[in-house]
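Order as written gives the chain letters A, B and C; numbering starts at 1 within each chain.
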Amino acid sequence: MKHLISPLDLTVSELKEILDLAGEIIQNPKKYATVCQGKKLATLFYEPSTRTRLSFEAAMLNLGGSILGFSSADSSSASKGESVADTIRVISSYADICAMRHPKEGAPLVASSYSSIPVINAGDGGHNHPTQTLTDLLTIQTLKGKLNNLTIGFCGDLKFGRTVHSLINALVRYENMNFMLISPEELKIPAYLREEVLDANKIPYQEVKLLEQVMPSLDLLYMTRVQRERFFNEEDYIRLKDSFILDAKKMEFAKEDMLVLHPLPRVNEIATEVDSDPRAVYFKQAEYGVYVRMALIMKLLEVA
Amino acid sequence: MKHLISPLDLTVSELKEILDLAGEIIQNPKKYATVCQGKKLATLFYEPSTRTRLSFEAAMLNLGGSILGFSSADSSSASKGESVADTIRVISSYADICAMRHPKEGAPLVASSYSSIPVINAGDGGHNHPTQTLTDLLTIQTLKGKLNNLTIGFCGDLKFGRTVHSLINALVRYENMNFMLISPEELKIPAYLREEVLDANKIPYQEVKLLEQVMPSLDLLYMTRVQRERFFNEEDYIRLKDSFILDAKKMEFAKEDMLVLHPLPRVNEIATEVDSDPRAVYFKQAEYGVYVRMALIMKLLEVA
Amino acid sequence: MKHLISPLDLTVSELKEILDLAGEIIQNPKKYATVCQGKKLATLFYEPSTRTRLSFEAAMLNLGGSILGFSSADSSSASKGESVADTIRVISSYADICAMRHPKEGAPLVASSYSSIPVINAGDGGHNHPTQTLTDLLTIQTLKGKLNNLTIGFCGDLKFGRTVHSLINALVRYENMNFMLISPEELKIPAYLREEVLDANKIPYQEVKLLEQVMPSLDLLYMTRVQRERFFNEEDYIRLKDSFILDAKKMEFAKEDMLVLHPLPRVNEIATEVDSDPRAVYFKQAEYGVYVRMALIMKLLEVA
């Protein structure tokens, strides 16, 4: 466990270690307040992503470490034509660990092969975003008390949403998972995921078009944004978008202990009236994102 | 005292507490060097403002705390359509206190109503900028030794300058204040301020068009920039701008202990020859801005 | 030694002090981990330069200090028309030392004359970049064990490359230096450097057009980028650029202990196949850049 590029880089047992450590941090954050003193995290964001960047920075500061970096490619040497390989070799002299966000798929992987410090993929194009998956897993583990025997609904854009793909990939490794895939026809999960992941692992799942249909059966509902730009035409977008909006009325059909997760930012796919429902845990989820990144940094820096 | 959105959120007595604490910090800054250890300030600047942002960051670092944030909307989730309400709920998990600058009036107020951490308005459009007012008050209090019995001149753009409006609003709460309002006809203070604040509080004031007229009577001169874009036409701008430029010659008419303040940045409304005059305290004022923000952060975080 | 604006601000003896301190830091970095506790470095970058900015920030963090600043002019008060003189007077209240990068030659010098804190020039236009020169000297001193009796090749754009000019200026102060100047006719060193520096100091040098010619004689090869925009026409650029590319084949002609330096970023002037050659020390050089900045900050803050 030197770098974290894809969520599947971690075995189930390594994942358990990280989630367990995150759980201990939640219980007693002060205990970890100085474990990374003198260590530096570089946040190399070739594409802006405030939430993810600040989550990493908060995590490192919570551990007593320091942060440096850049928040967009404009202010980086990339604009002078430098390769990611060169940049990471230099950054290796500046920091002890780095989190890299890059619009190009595979850039963090390339970086990791030239780096002498641990590289965390903080999102590479539509590809991987492993710390989001860790965040989702910690949220489920903590608030459901388990990572098995769950019926989980995924709603919205299941075709392009890398968050959903990563989470499904991670969840099929646990026992007795059952998926409800709620999306418009145009935004169903890609064939490879259906065949190579769900079917190959004999995971029970249903593909449905209406959220209402499956609501009562869910232990957990993972909402995602339906982006206007994913549609071929405006008409389809307008016709379809409302079906995938979660509101108070739809929540009435849900179990009392069903949880609503969302990777954020949310635009309008969850009505704000849902925010006050105790089952809406997406802001809590953002909080868990900090704890799980603290655990990950500790593991990669071998201070845990 | 949970948030600071408008300068008038603070009672005169709360203001006194903050100014007194700032005074103690000036006397013995080292005493406060670690009081915010382990605390994080988020600077959420949806609009660039280096001076204000760095002043907040210097304040938090001086208290032993850490900083994270963004310096323009481009690198924030706002560009993905996220609401301020959602952003602040997430940031509440990342930091212990936040300073928000936003081009839209009222945005920090909205944020404060969803936030679980103290929100400081670091400027919202042409509306409020309470820490500038605190800075001005600390400067007057420290260098004049009092916040009453003063004749204060305000010069320049009194119509759009929010700094001036805020400061007048704050000063009318003290005893025996007398205002000289020096501006071109087009840039006089707005009617509401004249009627609802000055007249309503029976504050003596005069509106004049020439700085020279009132110079000898002033205990304090608050200069502001006359922005070219405020004028309907270029001719008026060129005709008027020089009347509101402070130079060494005009300073000859001032009292020996009159102070010149300016919220900065200064463009050309104060000739650089004035900088070496000991009565020019605008750079000192910037220094006091750090101290008063230290005091404010301590109060809001309840470490004082 | 209050500011560092030009590499020649430092006497040979002051330089020795800094390089010696940097050498001690390399031996025992932990010893210096808290010497700047409570001190703040402001990085004022009016022009992006990630590598240089992060090197300064890493240096200050390594010393236990804090950092604040801006990474481009857009997010600075410069966009509101503020002068560098005013900015630095305000920053003097916010930080204990500052590193300034500015597109305009002389801006850091102006800043230093108004500043009450030490100003380090982190690059001003095509003019000076003294900490790059310090980095180069520390690399030579450490890896060659001496700063004399060396035959040094400079290759590429010797006309506009300020790094080369600064380093030549610095090296002529040491004994028995011999320079090989390898460049296309159009990019030879400027006349003033040839006459006032090399000839005036009676430094032996040769100007050649082919890297291969001098390779066997070199103790050190300093590569620089040949920028497309320096050429009058595209044809010349295409015809010439390959002659100044270092590859494995050319390295065969070099001494076994010849070192290759490069200020970075590198584009294609050194083939990546050279990176694995132990004589290629340009990434090591970036690491030394942090150590020498640590030493410089300590000297200017008088904590050493």
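Convention: a contact is a pair of C-beta atoms (placed from the backbone, for glycine too) under 8 Å apart; a residue touches a chain by one contact, two chains touch by 3 or more.
Treat the numbers as computed from the prediction; the structure is a model and nothing was measured.
Between the two copies, subunit A and subunit B, the Cα superposition rotates by 120°, quoted to the nearest 5.
Of all residue numbers used at the contact between subunit B and subunit C, under half are used by both chains, marking a mostly different-residue interface. Centroid to centroid, with C-alpha atoms defining each point, subunit B and subunit C lie 41 Å apart. Of all residues in subunit C, none touches two or more other chains. The touching residues of subunit C, counted against subunit B in their complex, run 38, 40, 42, 66, 68-70, 74-77, 79-82, 85-87, 89-95. Residues 33, 45, 48-51, 54-55, 57-58, 61, 67, 71-72, 264-267, 272, 283, 286-287, 289-290 of subunit C touch subunit A in their complex.
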